[in-house]
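Before we start, here is the structure in question, set down as structure tokens.
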């Protein structure tokens, strides 16, 4: 109930932000600008959906900050030696493997995933530097990237469409299948979920591998698109993904989260940064505005929770067993 | 037919605990938490190994450099650990607090180094208090609150500093002296901060309350404890220590800017996690954060001295961190056979 | 007794946790069409045994033989609730219909089976989409049972299914259990409510310290022999003790509840409790009785009314405020808010009285230990175990610690919510004794209970509640069980 | 001469009201902030409508900002690339959208100079060479013709870090073959990391014949100076050479803790970019590449650096 409210609020915020910019800046609704908006959204969206699954399972994946740039480097390096398709595939496989390690170690040794993924974050960052080998990593054929990004129906590109489709597929699987239910159950209470016959190992592997794969896809396609890979950790994307997930109503404590909410959260972030940079707003103002939005989300949280609890109490009383 | 055993991770009994024979170890481990004891032991072992096999490691100069390299991050990590222990995960505004404090310290340096230090610490405390009120009294999500806090701090600081480096109009060399010729001031402050934080956590009512709230907030409430003042205390401590780290950082070159201390936040989280403090709250001690910072610093230092390239250093460090964490997991699993 | 086929048998099962032996060579047979009661004091090994049967944990040695090789026809209702808080009612029941392979959840197809199971468990009208977390504890317990029913298993194991339920729901559960047995299933029934054993079961197995000490048809036992088997001969004297209801009335403080209301929960509740008395609120699920005790200790936003301790208004206070005013609370939910599982007994016991075990804000270890030991003895907990983590104690001992935690604060008013849920008969009498002793020190005790037997042993006064309103107030000595039960069921005598 | 500010055709009526977008990297680094402010002031003087877009050194974000800018069709774009290679596809897009591009500060990693209209800014290899010359000169002044130096570099794998080291190494090999580079550590353009990196280098090579430290930026050198101080070196024991002459370098040269820096003034950087932009707007011819001539700053000509650090 309450968490559904959070989804609505995220959407309300995203839509209001959209309207504000649409009204205040004539260039905002320009197809070219909306294209840029969708491009950025797809990247944040896919990374935050992956992270959301992990968070719903009650875990966290810091290594995303390492796998995104690693995927870019692998994709560019391998593409240079072979084809772009093989390059992207290699990057995605590598990141899936990192996800596997995260999931396996977390489940097998019953460790806090925050700790595990600190390790894999350092590891993947190191791998990134090793792949770069102190050299500049570029893809001499940057036409491939331009093709990947060439507009489809003015607003989309192959890259953004693929990412959006993946978001939708995962969203559906999460909402409609036993897998999604299992993830929520494990996140809500791993011990009880295990008693109900849900394999914690399988759930952990699922969420971390998806998170790794999605970070890999985002990073690899970004790498091809930029025709370059940069070593180092990308904390900005991690921070944006967490923020989107939380604005969308994902609980850090696990068990709750909806794809729609997170999509709205990612949309809100992209719309705000797109709209502000269109107007050339200074970073100080952007920072303050971002801070303001977050404080708002945080502040409406508590009253809302109380209100929805009241509502729940009433429905429960109505649905009281017939015996009373 | 005979049953085969399901994965050990599914053991569910809340009664999980040590055998009678292990009870004493458990009682011993209670103040430090199981995981953190193992990490501490691992750290000592690695330290001894480094002393024996890494050339140039066990020299006074290098050990001093090692301690200096972790002192400031360590101070920030000790502050961060209080937030983790009270059950509010992490603060993501530590880097921002450090950066802004360097500017405040540099700006106030003309009025004397100690005064500037106090101002910077006070700023950190106030910034922490505001976030603490949000996260404690208004029960806001700590991660979002601190992301917002960081954004607001950087935004305001940018308006005032216009992004420029602020050069201090004074002499901060008092923080660069070596006490008794051997112990650098920064390290002394780090050790003091760690010691005091450990003592408060271990021996005082305040520390006990913070632990209890972190362990089980609802049970603490049933006992009549209020969690929000303790959450505020934790954020104030974290903010003040981040301010202290920022002031000391600025004192190194007498300047402050928004780029300084950018890595402190994540390094402090790493120290807390690697030190074995449970992110679920209540388990662990500020000392563990200091040990975590030391372990990471030790690895970095030793790997450089061994002559590894930067990328190899990172890879080895990542593997060792994973390894240390897995050992912790295996050991604590053997002890109680339950998840987390 | 027509059906005598063995549906499930346990043969020579052993199990230790670390060095502690939980089960020693346990062999039991469960027969088709029978309700088989499994009894024993806290920590006797009952839950361990049934968890081994349900494949949640594995035995060190021995076998479990069922009619299906993989034992997929055994369903279990767990003692520690295994309903998942963030999932909805529908999803929780659906989980037990899940087949091993993953796929799309057939929502429509399951709907009727889910409804059916819920109805048999007494949750007929419930909203399927409510998150379980929002349900009161008792409804969660019924849901747990519904989950066991939904899977339609041949053998159904119920581990203390009625511990959190009041009499009406208990009766409903009994009906369901009987009809399931009549359909030819084997039911394993664990309980600490010895009265229901004779009503319900066909066969009894008693365990003590991990061993089977008695086994046979119910007709072979009577209450006295059961208790002897459970506790061993040496315990016998303590159990049947009748409590002395006289107390010293001088200088007592008085708790006055006037016209208290919380929307959707209860309405216009008034009563008085004097120091030295134990007053019980008696009502079934949804009667609001448990909400009244939570409101007194500062857990609800009151809509109207007042709560006074002597002349001090305490109704607007938070939990912290009411504790300061002298009102202590023992929660019904032991694991979630009763104790700090990973902390030692000492730390649990001193958690509410840190100022008195410290000087100038610095804790004094000796004072902590001394206080813990004295409280431990008041709740008859073994003093030598005060340094153990509470999580390593049996359920009964954990409950003693939860109560000790409240006693340590030397309250003027002690409020308890279901104080002996899941506690065995031996430990239970210890807890009653401690509470009576406390009352005789002029503490006003308010307890919510859904167990008539408990009222008899513990309370001086009983206030019955029905649909959020008080029905009437009685001296416990001057009212019959039938009248009390009738009042909470129908709202009239 | 250190200042390349020359009179220019500001305020000429044909550029008034024209739209220019500045895609820059940050506003929280001193150099970047001055660079932006200077361009803003120039634009205002000329009556040009300048929009400033910042990406906080995120190449992915910058790529989307380029897409966005293309949709707004400005008369020219001034672009400080967040990454010297990742900017190439964006440059290709700008080129096909026929928007003139003035690149500033960061030279793209390509030989295809047709991707932009004008580049103004430093040549990193040249900056490295000048730093090498400064090192050799300072060492010779002390009579040191042999020994070893260590280098604190920026982010590994970035052109700035690679090229400055390249130029520095070249010059040392040429002018002082007896002085060798004992080791390098990266400090990611970060002052704190500069301290740690230098501390490690000092532990590793300090005992030998270490005579100097080169840091690819003054702020990292400020960190290195702290490390040297902690390791017991007195100011002047080691020859300290930095780069950029930022405020850290200025104060350290002033105090004698640092011997030299290579001036890179945000004012010159911005001013060159603006001159090129004006020419582009006016439709004049503009040189494809204009490099800021690197100038070595020591305490003898410290005044030349004063303007760059607002002293």
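Quick notes
Letters are used for the chains, namely A, B, C and D, taken in the order the chains are written, and counting of residues starts over at 1 for each.
FYI, a contact is a pair of C-beta atoms (placed from the backbone, for glycine too) under 8 Å apart; a residue touches a chain by one contact, two chains touch by 3 or more.
The structure presented is a predicted model; accordingly, all values stated were derived computationally and were not measured.
Between A-B and A-C, more C-beta contact pairs are found at A-B. Distance from the chain A centre to the chain B centre is 27 Å, each centre being the mean of its Cα atoms. Rounded to whole angstrom, the centroid-to-centroid distance between chain A and chain C, based on C-alpha atoms, equals 43 Å. Note: centroid distance chain B to chain C, computed from Cα atoms, is 41 Å.
Averaging C-alpha coordinates per chain places the centre of chain C 72 Å away from that of chain D. Along chain C, residues 56, 82 each make contact with two or more other chains. Shown for chain A are the residues that touch two or more other chains, namely 129, 132-133, 192, 194-195, 282-284, 286.
With touch defined as above, residues shared between interfaces to two or more other chains in chain B number as follows: 10, 12, 154, 158, 310-311. Counting only pairs that meet the touch rule, the chains in contact are A-B, A-C, A-D, B-C, B-D.
Considering their complex, residues 21, 26-28, 50-54, 56, 58-61, 63-65, 67-68, 70-72, 83-86, 88-89, 92-93, 109, 155-159, 162, 188 of chain D touch chain A.
Only residues 27, 30-33, 35-36, 39-40, 43, 129, 132-138, 142, 145-146, 149, 222, 225-228, 230-232, 236-237, 273-274, 277-280, 282-284, 286 of chain A touch chain D when the two sit together in their complex.
Taken in their complex, chain B has these residues touching chain D: 56, 59, 61-62, 64-65, 68-69, 72, 154, 158, 162-165, 167, 176, 184, 249, 252-255, 257-264, 300-301, 304-305, 307, 310-311.
The residues of chain B lying in touch with chain A in their complex are 7, 9-10, 12, 89, 92, 134, 138-141, 143-145, 147-152, 154-156, 158-159, 266, 269-270, 273-274, 278-280, 310-319, 321-322, 325-326, 328-330, 332-333, 338-340.
Contact residues of chain D toward chain B in the complex are 26-30, 32-34, 37, 156, 185-186, 190-193, 195-196, 199-200, 202-204, 206, 219, 222-223, 225-227, 229-232, 246-248, 251, 310.
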